[in-house]
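So, here's a batch of structures to check.
Look for chain A in each of the two complexes below; its partner is chain B in the first and chain C in the second.
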Partner chain A sequence: MLNQFRQSKRKTLALVAGAFLAVTPLASYAQEDVQKGLEIATRSDVTDNGFGDSTATAQMVLRNAAGQSSSRELVIMTLERNSSKVGDKTISLFSTPADIKGTAVLSHAKITGNDDQWIYLPALKRVKRISSSNKSGPFVGSEFAYEDITAQEVGKFDYRWIKSEKCGGATCEVIERTPNYAKSGYSRQLVWISTKTWQPEQIQFFDRAGNHVKTLTYSGYKQYGKFWRAGKLTMVNLRNGKSTDLIFTDWKFSTGLSDRDFKSSALEDLR
Partner chain B sequence: MSRLLMNYIDFILARRLWVIIGVVIASFAASSGMAYLTMASDYRVFFGPDNPDLKKWDDYQATFSKNDNVFFVLQYPQGEAFDQAMAVVVEDLTERAWALPNATRVDSISNFQRTLVVDDFLEVEDLIIGASELSPEELRDRSDFAVTEPSLYRAILSEDLRTTGVNIAIELQGNPDTEGRRTAVAAYAMADEIRAKYPDLKIAMNGSMIMNYGFVQSGERDAMTLIPGMYLLMLVLTLVMLRSFSGMIATLITIVFSTTVALGIAGFLGMRMAPIAIIAPNIILTLAIADCIHIISSIQKHLRAGMEKTEAIKEALRKNFTAVFITSVTTAVGFLTLNFSDALPFQYLGNITAFGVLAAWILAVTFVPAFLSYMPLKPATAPREGWLVTFMGRVADFTIYRARGILVTGSVLSVALIALALTNTLDDRFSRYFSEKLQVRQDLDFVSENLRGQDIFEYEIRSGLTGGINNPEYLKTLDNFVTWLRAQPEVDQVSAFSDVIKRLNQNMNGDDRAFYTIPDSPELAAQYLLLYELSLPFGLDLNNQINIDKSSTRLSVIIKDIKIVAQNDFLARVDGWAAANDPEGLIQPPTGISLLFAKLTLRNITEMITGNIIAVVVIGLLMMATLRSVGIGFISVVTNAVPVMITFGLWAIFVGQIGLAAAVIGAASLGIVVDDSVHFLTKYLRGRREKNLNKEDAIRYAFSEVGEAIVFTSIIVCAGFALIAFSTFQVNAQLGLLTAITVIVAMFFDFLVLPAILLLGTTRTQSQKTKGTTNVEPIPAK
Partner chain C sequence: MFKRTILLSALLSGTAAQAEPPEFSGYIGGELNYFPEAGLYPGQLSDTQASLVFAPELRWRSDDGDTRARISAFGRWDAEDPERSHIDLREAWIQRNFDSFEVLVGVNKVFWGVTESLNLVDIVNQVDQLEYTDSNARLGQPMVALSTDQDWGSLSAYIMTGFRKREYPGTDGRLRFGLPVDDSATTWGDDREEWAPDFALRYYNTFGSIDLGLSAFYGTSREAMLTPNSGGTALDPYYGRIWQTGVDAQYTGDNVLWKLEAIARGSDDFDTFAAVVTGFEYTFYQVGGSDGDLGVISEYLYDDRGADAPGTVFQNDLFVGTRWAANDSQDTSALVGAVIDLEDGTTSLRAEYERRLDIGVLLKIQAQAVRNTDTSNPLYGFRQDNYLSVAFEKFF
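So, the complex of A and B:
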């Protein structure tokens, strides 16, 4: 109860702050850059619309500055939702290491509010609902924050176009985005979006003190029907030299997943 | 040799204007390198790249996380940490702290991640949110919780609940010196803002970033007090001893140039100013003053004897050239051997001082004579004949008459004091490096008294298996270790992964305290851990406690403020416990900053053994060559090495605890104290060889020729080093004080023991025969 009150208060604050910020860019940034930034982000988002559902196998490789590494594997299932007010539903099902095999995390993403999350622990044979007021936290000890890997819906950020430049064999639009999420670990991000695929090629993350702390690089893009998917995401932490690779294989689309599969009660039956 | 020397001296005076111009240009050119000097402000500078302790600590930090931090410690004159007033401050500071440069993580009683359980719903959230709107009961509830939480209680919340801390983990990006300083300056500014906003609040600053900045503060303060103090001392000494304005100016220019040239060369060579190295200018000043006073007072003596000025300068230069050269070289050799230490500050101190001493020598035999030839110079005023000369004569007679007694007493005393030297205990605590005059030390003491100790031992508990930290056996051993550690009287706080997993087990079982235990299966522990990792916010992850493949966890033990001896005793007990209760060998040897420093002195002493031997051998060979006598060269080394050891004995009696300075004091002071013997023995041998005097008369001759000068040099050098004893950095202060004492002890040795040894082998009758016969003191020069 207290919590809800607090959150609503925060939202009000965010609204006020948002309104204020919406005015200030007029003074400092050209309105057309803000407009262009939003257009690029929207275009990027739209190219991905209509995939319905997908599954993929992800291998997560963690590396530290000393060169040691460890890996785990999980299957990620996604169900697209067409409303712009809510994000997609996802399930992450861990298959290795053995001691967490069968552990599944279900998220119902919201745009700026807290996601609903459930976790199924096979050792306990129970589903627990968990609070996820902490999107800024790392995803299972990796260099990816939870907020880095959830769906990047347009409404989560404010945008500003910075420049166009060559990236690899294509041209990229570079946009700056500022999180609307009060508890975000970042002050801003710079995103390179390829004009060929309209998918991100690189994202630079800036912490709350304004330092460039992490860089995420997308590589190995492949087209599945009309949808582009990166084969590998590499997040490098510039501060501590640690990095995490997310390597995707087995992309499948329209596999027939439905809302029923993305209910907390369904987690137990996943294998 | 002497022909060459005479030609050189003629040249210097004939081309005096060019000499002055050349010296000034060269000095300015060399000094320009000072622009490249930066101040090292990182505790790591004390440890060479190959230092195995540092390597171990770096590996540890690579496995878990870097350990640099800024620690704000807060206390109100009244009230507790969970009173609303303080809770508001902590919440405010916690939020602001994220904006500190290079901050990666903030930990406080407000953002501690507490897990709340309602049926099958788990919520992980900040312990304090919106402190200003919490009721006293709600705050009481959080306070009661905090006391049960091992990672808060006695770590960032004091035992009496009065004091609390906000810890900010720092990972420096870019140049560690400049970034570290930027972080510390920003932290101090943040503390000032908080103080302004919350009057009456006490904030003590702590953490490795603040300690590093302490080096800068200490260096700046020393530079502001010691260097001006040194100049003042120079002014007084030159005016009293030379009574000459010209002499003072010549000395002033010499000491300024020799310091700036030394620092300039250091800058060109890419050296940095570092703690300890910061006293190099003081040492250079001291030794350069001694050089100048030697030469100038000699010129004045010859003026008094009726010589024309240019002739007096030439004669003084001729007589002192070798002695000043040798004393400079021996000093430089002594200091250069500091390169055997792997602590960069010692290397820098050694090299910069060596450059400076050699620069001072060059200036003393080029610039000083050339410059003085232009300046009006008064002859030495007469009254020096007075008591000191008479006294020297008395000392000479006493020494000669009581030679055997002196030898016996001297040997017994020496042996006793050297034996005592070994009773000094090493007590190197990082926290003790700073004088109580400095804010950083006052803050450290405040934290020790009000919150917890500063020394942290870091253990890695290694399972050797991927995911092995979830095994119940591993966790049980860890938990037993933690329980045992918490029962030890030296321990303030222990943080370990077993506490996290036990709390999770309790949370997952309806928050039933009965489940505050290690989970039964590895799967359960692994899945709890995964769940927990999913729920932590930015910067509060477990990466600083668990390694990458979940095979090791970190265990940190904060101990009370106790001496190194007591720390070692504790560490030995830990080893004993581990041997008996950890058959798998999970517990790895400890590391951490405290241990690095605890081993630093011993490591440097070991490294400097070679350095000391080389210093003794090279200085000994130099003496033998200069004096053209193997036996007397040998004696001179012994009579100078012994005073150094005696000083340690005196230190044991009056102080007892010794720090890092102990490692280098031998090599550094040997080169300095040997100078007096050079002067004494040169004159003694001249008496024996050129004037065919017997031993006793040669000793009397040496006393009359240089006794006074030795007293003066000893006073100058002793005063210079005694001034360094006022440094705000303990190592500098001890170095200064130890050298000052050594200089005085060495003077007594030169006046008493050295002559007695020289007389060894002379029979009593011979010595009695000459007693009292030659009281015509100054034997006229040929």
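So, the complex of A and C:
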């Protein structure tokens, strides 16, 4: 009986491995580059483990090609979840412009499948569950797509190490990552990760046709305890000349946020 | 919880948590409505209706963050219809957060529901019928509410009194019945009249891709039974006592949202009836290579109430509509929809457009028309009340 079970289990494993090899395009890449890419991504992720929860105020400045700008201000709350199946929970609470004050977006990230997402509309006092499958759509009119601002869990991408090179005053590992979730607007991304902070310095985004369409630059890194946070993110859209800055202030960690604060029914109590 | 609120207060006000002043916000607005056709009834305003809106709001939070209070008022001054000039206290409450539950005392607005064309389950607040350009406008309802958020879902219980009668446009107004409603002739199903207590219970939870709400209500009907008086000069409202149970559910898929609201309502005054709104919203993301999303919405509306219950126009109707969101920095959006009566073909059409013109300044344009009205349909009386509305709102 036991033997039979062992045998069938072995067979299943062999089948799974066979299927994996048959479908994975990464098989053509050097296995050590794939391995190294994943190691760097994992190291970057692990460096950030244990922050518990955080809050920050963000100013979002949207600029068009003519240089005209408009801005939005929001508070971003994050609850870390240590699991390989689910990602972090986040709330983005808008305080300006005044007509959307109190609007909040709640997201429960998942590694595979769509994140669970709700929006609270204060004028209607209504919570609406929304679909998060529109990954490539713009987040509140900015140059950030939804997939650029949601939790960047390791399991959401396949990786490959490209090269090491100087970046600013430090050395960066350049890795390529390919989204393995459905409906991404990107064929691949190139990520520069500093070996000093193990945080990203720059990400280049390539559309489905393989064109380099956007560049995201991280600057003004500061260390809070053991955690690094960028003071400013700048996303430049190379196609339309528009750009969006996200300027962070007031980073706070371990503020006592809990699961209960990240329920859809709690959204109307935020302010 | 405790820490969070202090921190949030500090973040939102940009100051230290101590001695936090109340936060004042709100909007002022102007609305101009144009009716191309003459009114059906004597005294109705001829073609334009101008009005001004003031909606201030005051929010307060205690230093420890556990107590919150809010006062929110809405006032409209209408140049043509004195009955439409009205002030309402939308919210005036104080809420205390204990560890495992919350208590709210005062006037509040509560929304229940998921569908787009009609929210059958949404019964706590009286409809502000004078705000015909905003189908979501509700009158504030005095209540004591107890809520708890647990792993098994959230549960809220409400005890209400101080019933809010529905207000109707005056003889000068448009979108009114042929006869004016005589508020002073109101009769009640309960001797305690507007002070009869109402009770409500709501459960809500998320199960994977499904959001589910269950609700129950016992109290005074928000809908009035309108009967012509003996002289045939006015309609007399009657508010009976009813019970209602409701379910609302949404399944969230990739591009599609499936929605359902259903109720059963009973009373000593009429035979128990059921009503359903169910349908879907399918969204095409980034249509034609733009940033915009286009949603197609369709909902079926059914209601089997008899003539002994307050009337409805949604007995066997189909709603079809499309929603466009530009996803631009001005949050431009538009909605076009039609409700078609599947029995007599009467169709009501509505189009809405909204865009931020400047920081905190919104432009809202809206048009409504009824077409193909059957003489037996209640909308027949509104067939001359098609309108175009332009409104500006400045938020502060």
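Criterion: the second predicted complex is superposed on the first by the 244 of 271 C-alpha atoms of A that agree within 3 Å, B and C clash if a C-alpha of one lies under 4 Å from a C-alpha of the other, contacts with A are read in each partner's own complex, and residues count from 1 in each chain.
By definition in this document, a contact is a pair of C-beta atoms (placed from the backbone, for glycine too) under 8 Å apart; a residue touches a chain by one contact, two chains touch by 3 or more.
No experiment lies behind these values; they were computed from the predicted model shown.
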| item | value |
| --- | --- |
| Chain A as common anchor, with chain B and chain C clashing or fitting | clash |
| Touching partner for A:R239 - first (chain B), second (chain C), both, neither | first |
| First (chain B), second (chain C), both or neither touched by A:I119 | first |
| Touched partner set for A:A30, first chain B, second chain C, both or neither | neither |
| Partner chain(s) touched by A:G141 [first = chain B, second = chain C, both, neither] | both |
| First, second, both or neither for A:N211, with chain B first and chain C second | first |
| First (chain B), second (chain C), both or neither touched by A:F94 | first |
| Partner chain in contact with A:A66 - chain B first, chain C second, else both or neither | first |
| Contacts of A:V46 with chain B and chain C, given as first, second, both or neither | neither |
| Chain B versus chain C as contact partner of A:D261, first or second or both or neither | second |
| Residues of chain A contacting chain B in one complex and chain C in the other | 62, 70, 97-100, 123-124, 126, 128-131, 133-134, 136-138, 140-141, 183 |
| Chain A partner contacts - residues on chain B that touch it in the complex | 59, 62-63, 65-66, 98-104, 120-125, 129-130, 171, 173, 466-467, 470, 508, 521-528, 530-531, 533-543, 546-550 |
| Chain A-touching residues of chain C, taken from the complex the two chains share | 1-4, 7-8, 11-12, 14, 23, 25, 27, 59, 61, 68, 95, 97, 102, 109-111, 113-114, 136, 147, 149, 154, 204, 206, 211, 250, 252-257, 283, 285-286, 291, 293, 327-331, 356, 359-362, 393, 395-396 |
| Residues of chain A defined as touching chain B within the complex | 3, 6, 62-66, 68-70, 94, 97-100, 103, 105, 117, 119, 121-124, 126-134, 136-141, 145-146, 183-185, 207-209, 211, 238-240, 242 |
| Chain A residues within the chain C interface of the complex | 55, 57, 62, 70, 75, 95-101, 114, 116, 123-126, 128-131, 133-134, 136-138, 140-142, 182-183, 250, 252, 255-258, 260-261, 263-266, 269-271 |
